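First the structure, which I've put down as structure tokens, then a few questions once you've had a look.
Going in written order, the chains are labelled A, B, C and D, and every chain counts its residues from 1.
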């Protein structure tokens, strides 16, 4: 924030608050876990842990891409549709085996990313609107490809992606973990990572400093697309069916929430990868708790609203969008 | 593109069209003159069909296909189809647009039973006969609209309950996978089920009910959570087949055997019926989407001045281990 | 009139103000001076209620005044022109000028016509003649500064505070401003005047308060304090030492090489902004760009740096043509632009000092796209030392630095890229005497080292002292060039004033 | 006197005037680009479909668009301050259910209850955004969930749909027609006129623009930032509620499944209308054009006849893309 922004009255607090602002999410997770151990039967079991991790894996993967996009002061609403597109493409090419099919699915993600990226980087369309186009059209396209109908998937290799596990850790979780490490590396270690936060922080300055602004933006949206596609593939493998009509519905909101709850401001210029993962976990835990305690939808939704606000309040970075 | 081996996808054809249950509503009473409409020839006139949701699930696909197919067969050239994309406001304006385009008759699959005021006003003003399929419209038959053709969701709930009672022979813990909140179908299938259970089998408790939004993935996720928190649940009532199939995937994932948890669901899609054969689903109550023939028969009768009932309830079949094998082919 | 008593303001890490007191008499023009980061802006923000002091109180006309914010302060008659121009770029000039006190019609609706008339009239008195319906953005920084001033003064104020108002003004605009200040003095209005330009202080200020590291080190009448002494107080070095070093100044030692020019610009044209500007800079040479506000100096610099879309013209560096309209290409070719507007075009507020310095040089500091923190730390460390950047450490958010130190960070950013050509747009704007001298010395040094430097400065003295050659612009075209002994402040002024043939 | 001299020697300003003309033209196009596209689309539609330009069809478009339009009006204010309101869809639905629920206590209640509750939701969101300084996106996202939850609990998990009795004043308010157009259309127009005056001709409007343009500067210039923001969100909530209530009156029932995804349509409409999501620029007239544009697109897609539902989505996505690109080219959002 700039000199005068800091000037605006900001809640300043002691160490605790400062600490909370950095580790709020983790604190919240811890709290929620403790509560659950206390009130939820059969919570502290390996199976349960598995379930939560497996279910959150796709969200985490999408959120990683979303975090990068948000870092550039953008947002990607099309992620849900990308998942649908990926899941729709898979069965079409499973005839050639799982590998090629997955490749095609990922290419679908790349394509969407390219469109979004070009709209944002070259045409200067505002990200929300640019990605809104494919948010609308993408799922439609997926349904066209799938002939509108859900298809069961029988390919063993693909199904294993969803069901098998490495050293007791389910494969989707492994993938999510690996991708988290990669993205962390990208943000921390690569020129690209540094440049993207700079662009988010001050685009004009970045241009004047000779950064390849357009290329970076394009790449960011492509990455987001690919990650969403990966999530789509995993979700399909887990569902053992390709269901483009409902797969990834409202994913964009979950992902954005995860990112922001994780302490990445929507104003861009900063990316917190681990925070994002934590954010996704937090939301997953909340949903799980509400379901396990069999709360009616009405209450569930209101409780979620409150918890999201509380978490963001704790993890509050800069102000703004 | 080269997809996997053929999928068991049905939908096409008119196999197992609908059978009218001995008209449970009032006797045939509604006539063109009573309705105040004028005679016209469906073959040449513009006839509008307003679908409520995307043709993205077996039910809607079969429904639309059957309407289109039948129209072709009857030689109704002027059929115009719109789709509300699950947005009620859109469906309303869709229908209004159909009227504006000069539709002489309307077949509507309502997304919601209430809120049809503006459409009904315009239609009655022009004496356009409306036939609603699969869901009712809350208004007076033969005045605001002509008649309703469809299943009785409350009954479906009841019959599912009966199957459930058989499955658990009268006692045990049951979980419900609800449809999406605020949806008439959800409400009626739930009420029918609960009331029947309460009446017939006090020994059965419903210990868990969460929405699965009629979607397979959501059904799977909710079931996974349930398996952890309510391990004692012995049966699942899914308010549509998709959620039931999601539940099946979840149970498999949790290492359960076929039949460990009894599943009863509503719809009768081919995938579900297949799962009965393989033993994962106990029974399925059909909700037949092939409205085409019945709808156009009724319409033709009506414009020819013959009386028609103000409510045509179709008799839905039931699939269970006894008949699943041979019925798979005819399921949609 | 206005009393600030024992003001204490703490920021996380720094004690920005430590028991600072300041009192003003009606009709007094009071100089507030100090190094960058001494606490001047902070004090002003405390007085105007932007910040709440951690301790101490502000009294207005004897009564305690606890302002809840600028609005509140303004109502009480305390107006401020802040260092970073506090205006809204996208609003029209008129609306910026009159925001909050627009002329009304029936039902409290705004009267657009009267608003524009008033605005035009007011600004004319400040020598700014623009279509007041334009967005403020379309004005140059100088003009914007004048608008901000006009805004602050045109309400009936009892105290007017100006934080570095002249940092981007031309001598003529400065005269205009001083005319205004005299008027204020006559009306018995107290003025607080912050500036790093000492000669200005001596022209109009009565009292003076010297801040260092958030503490008052001297308070009294300016007349009793000679220049050297003042500087020594600000820098906290003893007089002898300062006299030895000389207050500021370029050595002017370096000899422009006779070799071929490293930077050549031919016929740069851009609708409404530039027509056919051509200039060349040789290695080891400092070429100044003179001209009034809006003459197009910034535009020229931006055009060379490839960020201003051009209709015609080409730029070559060391004989090689630079792809037009690509900043990336320009940077690769070795062109570095220190932008005029530090806040909007310079710093990346969300990043640390370290990352801001490394930004432009990243590709050179990385192997295969992987950055090497070791190398970055080395570079950053070198430049933070060399430019004496005042920060709690390389990881402090750059936004927390004082204006002057932010400027140094930007210089460091470019030096890290080892450029061939350095374009400096107002490099010493808002920088204190100490830092200014350092920066100027630095410019010399860089020229020495063989760079070609293009210097834009509204500070004529600096321009003339610093440049080997000055190219004068007017309305986006070159109207003259001065070398050798024709290169004097008068010379430049007359060239500017002279009509275009 | 110095100022005189300064004035005479001030830079020749013909270039600034030129700049001015260019900038004003930009502004004009930026404000009316959507309108241009709209006119184009109407022309194309009329030429290609005989059933399109009928008064009945256009009347339908008008009445259908009037409800999202009211919501978009509030959204315009919010977005100009640089904020965003995702809750409008749920609030719209909630407003309808509340109206149908409260009408039992009379028409007044049927209107006031939804306005009050939805306004209150806006107030809470505004407070969280302006005072606690949480990100609007997240606050209103929570609002989206909260309002939907409230709606469900009022309607017993959506099981009960409250009805607005036939011929009741409220129902007539929503269903009545004037010169062949539904009454809500006129109300919407009236609201937009008021909105335009509010935005262009009042201090509040100035504050809204200033905050969106540069919040910190605005604060330094003495704009009541927090207060203005709060008002803006209250406005948005109230308008969404009103729109919902009137819609319920039109449907004569508080339909529970309305408004999902509405927020995005509305945002799209506002942005297509030339309002920058970055804040500081935008106009009410543009918004109305944007809403109508989306309405017409929908209508045309239906005119094309039997596109499959999936293709319909693809087409409207493509349409949106084209419109947005054209819009952006017309109004160069980002200057350097």
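What we mean here is this: contacts are C-beta pairs under 8 Å (C-beta built on N, C-alpha and C of every residue); 3 or more make two chains touch, one makes a residue touch a chain.
Everything quoted here is computed from the prediction, not taken from an experiment.
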- Query: Which contact partners do chain A and chain D have in common?
  - Reply: B, C
- Weigh C-D against A-C on C-beta contact pairs and write down the one with more. C-D
- Would you kindly tell me how far, in whole Å, the mean C-alpha position of chain D lies from that of chain C? 41
- Note on the structure: Chain centres from averaged Cα atoms put chain B and chain C apart, in whole Å, by 72
- Item | Between chain C and chain A, distance of the C-alpha-averaged centres to the nearest whole Å | 43
- Distance in whole angstrom between the CA centres of chain A and chain B is 35
- Item | Sequence positions of chain D contacting 2 or more other chains | 151-152, 157, 216-217, 219-220, 308-310, 312-313, 336
- Message: Could you pull out the residues of chain B that touch at least 2 other chains?
- Response: 54-56, 181
- Task: Mark out which residues of chain A touch at least two other chains, giving numbers and ranges.
- Result: 2, 4-5, 7, 143, 148, 204, 207, 267, 297-298
- Message: On the basis of the stated criterion, which chains touch which? Give every pair.
- Response: A-B, A-C, A-D, B-D, C-D
- Partner chain B, residues of chain D touching it in the complex: 51, 54, 56-57, 60, 63-64, 67, 151-152, 155, 157-159, 161, 163, 171, 175, 247, 250-253, 255-258, 260-261, 298-299, 302-303, 305-306, 308-310, 312-313
- Task: Sort out for me which residues of chain B touch chain D in the complex.
- Result: 51, 53-56, 79-83, 85-90, 92-94, 96-97, 99-102, 111-118, 121, 138, 181-183, 186-187, 190-191
- Task: Could you please specify the touching residues of chain C with respect to chain D in the complex?
- Result: 50, 69-71, 74, 80, 82, 85-91, 95-96, 99-100, 102, 108-110, 112, 124-131, 133-135, 137-139, 151, 172-173, 175-176, 178-179, 271-273, 292-295, 307-308, 474-476, 497
- Can you list the chain A residues touching chain D in their complex? 2, 4-5, 7-8, 10-11, 77, 119, 123-126, 128-130, 132-141, 143-144, 148, 203-204, 207, 253, 256-257, 260-261, 265-267, 296-306, 308-309, 312-313, 316, 319-321
- Query: Okay, in this complex, where on chain C does chain A touch?
  - Reply: 12, 41, 45, 50-52, 82-84, 86, 305, 307, 327-328, 330-332, 337, 339, 343-351, 355, 358-360, 362-363, 366, 369-371, 399-400, 403, 413
